[in-house]
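Structure, as structure tokens:
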Amino acid sequence: MKSSETKITKKMQIAIFDMTDCEGCELEFINLREKLATLADQADFANWRLASDNSNPGPFDVTFVEGTPITEEDIAILKQARSVSRFIVSLGSCADLGGVQSLVGSKGWKKGVPLVYGEKYKTTSKAPKPLSYYINVDYRLPGCPINGNELEAFLGALLVRKHPAEKRFPVCLECKARENVCLLLEGQPCLGPVTKGGCEAACPSRGLRCWGCFGALRGGNQKALKKMLDIKHGKDRTEQVFGAFMTHQDEFKEMYPKEK
Amino acid sequence: MQESVLNHYICKIEGHGDLKLNYKSGKATLNIDEGERLFEQLVLGRPYDDAPFITARICGVCPTAHVLVAIQAIEDAFGVTVNERIMSLRRALQAGQIIQSHALHLFFLAAPDYLDVVNAIELHHTRPELYKTAVAMKKLGDKLVEVIGGRAIHPVAPAVGGFLSVPGNDVLKEMIGELRAAIPMALATVELFASFEYPNLKRKTEYLATQQDGKLTYLDGNSIVSNSKFRGTIENYGYAFTEEVRSGSNSKYGTRDGHGFMVGALARLSLDQESLHPKALYALRSIWGQKLPSYNSFHNNVAQAIEIVHLIEESIAQLESAIANSKELARVPFTVREGCGVGAIEAPRGTLYHSVKTDKNGIITDYDIVTPTVQSLVNLEEDADEMMKKYGKLPEKELYRQIEMLIRAYDPCITCSVH
Amino acid sequence: MTNENNYKKIKVISVRGLNPRVRAIRFGFVEKQDAKDFTFAPGSFIMVAVPGFGESPLTVTTSPSQLPEFEIAVRTNGNNTMALNRLDVGDTAYVRGPLGNAIDLQAVYGRELILIGGGIGLAPLRSFIHFLSENPQTVSKLTIIHGAKTPQDLIFKDELAKWKKFADVHVVVDIGDEDWDGETGNIVKSLDKITIGKKASVIVCGPPAMYLPIVKSIQKKDVAKEQISLMFERKLHCGIGKCQHCTCGGKYVCLDGPTFKYSEIENNWEAFV
Amino acid sequence: MSLSINKKDFGHFLLGIIESWPTYGPMEDEDGAKSRFRFARLRTVKDYALHYGPTIIPPKKYLFPAREDVFRFEKGEILPPTNKDFVVFGVNKRDGEGLFYLDQIYRYPVEDTFYTDRRKHMKLVIVDSLPPSNNVDCDLYLQIVGDKKFAAFPFTDFGESLISGNKDFGHAGEIGEISVRHMPDEVIHHPRLAEIIEDSRESKIWDKLSEICFNCGICSYTCPLCYCYNEGDRIDLRGNVENDVKGGRERTWDSCMLPDFAAISFKDFRPKHRDRIYNWYYHKFVRMPREQGFVGCVDCGRCITYCPARINYRKVLESLIKNDKRK
């Protein structure tokens, strides 16, 4: 256990950095609304480019990193942030899983750059990878975007120096709690059974199949689901479905061993 | 101004931009530093209904605009016409998107410059009533998007052909009540932003927006209109401007006949004020009292505030129409076919285009995206040059600050510009 | 019927470090009535909660004679144990229980008794050791074996010497350090070396991996299955047979245990996974 | 002398309840072309669906919701429960049986007062065409007689108070004896089922199932008799104002099918999927009959209908019974 102090006296120093991404997850902080002000009473936003002029160089107690490291600058910021932060949190699926931009794989990405920018275009960027490819990550808050209530509970815990617990149930739990008609039973390739919960079944509750944006549930039975989807939707489509958010995860690599 | 890798990007804009002023040449450059995500490649080889979901992730501030325009493009390719109920809900959804985005920009990104705080959260202490307004306005937009789209960021319910699920009429009625109640607050927002003292930047430029039969619109545009003589069609948006790739920057830059042009709230209102709803027109004429076009890009802030008023009124009308038509289907049947289609939408920051090609199974074979920020970037730099000319004598730090304020007034979304 | 969800407020009287990850915390009750009502027998467990951090099954390490004060030994293992180990003198927490079965006094009465505690596993046995020191006639002979990975992981080091007055005490570590002059090696090997009578009774508490080897070693000495008791650890929330996490084959650790006779569970397919 | 109510007065009677207590009951959701039933707050009489079809989640959710605070805490103090009276109206007999068995589970052998306290506040009205029996425990039982009448059987003072003196009720007159022959289900109540399952531990059937089952836990969430849960403390985001922690002890649904069900930081005590599946059957059909005296299944069919992998526990049981070697 890393923490042993008894009473909390110092204001917690929070930093939020964004790599390449949509910045939607950071917005969930702003969507805390009144509670954002409450949070600010107890913690300093020491460095938050999107919403503040403060840009302290550190050190930070908790650093949220959103987005996928792609540019050289991204990677430099990430490494610097790691060196001045006690805890690093991967904020959102871009950071935690490599995001949708990883769905074509490293090779696909390298092939794609000239197709979008022209043959002459030179880039120093690297193919998208999750944060954990470059640094150690202490806590994970996946989701595309993250879930506001989960963020709230997460922050509530951090403020009292408690370790936020990772979710250990699939999306189906929350989906059934909301009494949704099951989309898998309706023939759609829903990834709910093998996806880590925490989103309150945001998608199936409005009729959209789960895309797996919270990442693979540890110990989920991906193989069984794959078998079923292969038959119903074809092998290629099934790979596309699993590959939307999970290409960097062991569960995916086990099912689809060759590098894309 | 670089001290550490942890602080060299411009604060309070969406995405990573770095401002360089070259005193010798009198030129300002906004370097864009955002990784290549290759969205146009990501959707290839996937079925059409993956496109709205994937392209939403281009931007967390305006995902709904991407979702709706992707759907428009696909429906265009398949030849789908949806019913009035669906259109009304989409218009209201798009209104919610713009309210959300404008409220975020105005209060959380722009306002701190003028209210002397390092971030909007401090307003909670210095001006608590204003902080309340800020979160309430943001919440209003969020709620509207959530009610119709299923989630405030990256909505899930809109789909090709309509909606996967729609809220009940009682929910819509409740929403209408909330929208009505918010109008005074929206007017107060106009008042606030009209009261700020903006630098006196004046530089004639070209404004572009989509309109429906010559009228202000956000979702139903059928032509591209400019304050010059130019008129274009949406299908041929590629001819309206050129997109350049610059070395060292991973955004593209849009120009018309070699010069910059502007899209977004100020452009839209400069091209048509007459179609504003009454309260918004009142806000423009009586609260602000500014004649448009004013050719001062800082005024984009006020234009956004006025749009909020207009879009609240608009969404009330659209929700009422959705309730009146609630017997119609929430999703119309359609046939997948080989085709190509274009969608254009007025996103918070200006016109957003998606175009798509599908094969006979609805698999995407080609995709193109042009974002508003790409279109406005050159104009932004031209404005910045003008600022250097005009305020070149100011201390360097102050000049940087002023130009950064200009950049924020544009509300650029670099995240979108590199997709 | 007693209410097993009735939380009693307790207050820290003193704390001391037993090793870098384990602290002994002494509590007293805040309410007089609670102090009067609370009783326990060695071997049963209590649920201790720091509101906000959860609750944990823990065992009292002091003899019932010390009531209404009691001591627990807590190893930081997660949130609630971390919170417990942050408490200062005067801070409060909650307790409910006791829950589970206790050590079967009847079964060990008058016999030779061997207590084996691996790591933090000595904590639950300590209460019984104290009880035995107060009531030495209970057993005919007492042997205590305490093992740990390193000398750092031993607990109640200061007391081990005192216990020698009324018991045979063996202390063994897997890996010693410069200052270590005691026994090193495997706890099972050192158990093999000890002579144990056929009629002896053995109670074991420690990491699950050591149970089967220890049982084997003891059985070689012809000790009956009924006389070998094992204290079990499982994930546990309710302590009253509802939450289902502690089920072990056909048994609940919280209701049927935590102490099981080897004869009860030798065929339980989930006892030694 | 029993009382009864005519169908035309039924709405008025229900309205009286809705106006006096928060009332929950079965209702139909129109969801485009699909229709589904679920239990929800009844706000008008029209909301109530007398003959409801299967609901995804049984009424257990009023006693054991997907997520609840079993208690709240503030300034280091655990606060007492704050349950208030509410009515669950119109549960059919089978769902009523589910509630009855759930009650037994949480009452015996040790009572879980968090559950029983709420249960005391839940007033239950069962409506069914079958007569009441001793495996339901409700305040009022309304038996549908013919198509115009409900005969009323109050079982508690509360139930009595609902009907006595209520002008909607009149004397029942003669209610013809309705005989229902209770046929014990030959699969679920097979006399040797427990032994058969005990013997099947090494059977390949569990391995085969583990290749199909997604271990998503839907069979548990939807089951009226599944009751396992997780607990943990949630802290409200108001932070640590002068070290005052405020929040709640959250009890959430769990499922013994889920991968980490028996795992603690350093060890997983039931790591194999096949063993977790076996445990589900073992608990329902072996441990529960021994512990509680009844099987953990009321044959409502939910776990069959809603399993996305289309596993049918009845077929599993049937095949085990068929292969019973000791027959």
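A, B, C and D are the chain letters, set down in written order, and residue numbers restart from 1 in every chain.
We adopt the following convention: contacts are C-beta pairs under 8 Å (C-beta built on N, C-alpha and C of every residue); 3 or more make two chains touch, one makes a residue touch a chain.
Everything quoted here is computed from the prediction, not taken from an experiment.
Undergrad: Chains touching subunit C and subunit D alike, please list them.
TA: A
Undergrad: If you tally contacting C-beta pairs, which comes out ahead, A-D or A-B? Let me know.
TA: Looking at contacts between chains, A-B has the larger number.
Undergrad: Looking at CA centres, what chain is most distant from subunit B?
TA: C
Undergrad: Could you work out how far the Cα centre of subunit A sits from that of subunit B, in whole Å?
TA: Roughly 25 Å separates the two chain centres.
Undergrad: Subunit B to subunit D: how many Å between their CA centres?
TA: The mean C-alpha positions of subunit B and subunit D differ by 49 Å.
Undergrad: What is the distance, in whole Å, between the centres of subunit A and subunit D, each centre taken as the mean of its C-alpha atoms?
TA: 36
Undergrad: What is the distance, in whole Å, between the centres of subunit A and subunit C, each centre taken as the mean of its C-alpha atoms?
TA: One centre to the other, that is 42 Å.
Undergrad: Got the subunit C residues that touch at least 2 other chains?
TA: In subunit C, residues 52-53, 78-79 touch at least two other chains, as defined above.
Undergrad: Indicate the residues of subunit B shared as contacts by at least two other chains.
TA: Expected reply: 165.
Undergrad: Can you list the residues of subunit A that touch 2 or more other chains?
TA: As it turns out, subunit A has residues touching two or more other chains at 7, 160, 162, 165.
Undergrad: Write out the stretch or stretches of subunit C touching subunit D in their complex.
TA: 1, 3-7, 9, 49, 51-55, 77-79, 92, 94, 208, 233-235, 237-238, 240-245, 247-248, 250, 255, 269-270, 273
Undergrad: For the complex, which residues does subunit B have touching subunit A?
TA: Subunit B residues touching subunit A: 3-7, 9-16, 33-42, 45-47, 50, 53-54, 57-61, 63, 104, 108-109, 112, 118-122, 124, 131, 135, 138-139, 142, 150-154, 156-157, 159, 163-165, 245, 247, 250, 415, 418.
Undergrad: Would you mind writing out the residues of subunit D in touch with subunit C in their complex?
TA: Contacts found on subunit D: 73, 76-78, 105-106, 109-114, 201, 227-233, 235, 245, 247, 249, 254, 256, 261-265, 267, 269-271, 275, 279, 282-283, 286-287, 290-291.
Undergrad: Write out the stretch or stretches of subunit A touching subunit D in their complex.
TA: Residue positions touching the partner: 7-8, 32, 35, 38-39, 41-43, 152-153, 155-157, 159-160, 162, 165, 168-170, 172-174, 176-177, 179-182, 184-185, 190, 192-194, 217-221, 223-225, 227-228.
Undergrad: Using the touch rule from the top, collect the residues of subunit A that touch subunit C in their complex.
TA: Contact set of subunit A toward subunit C: 1, 3-7, 160, 162-163, 165.
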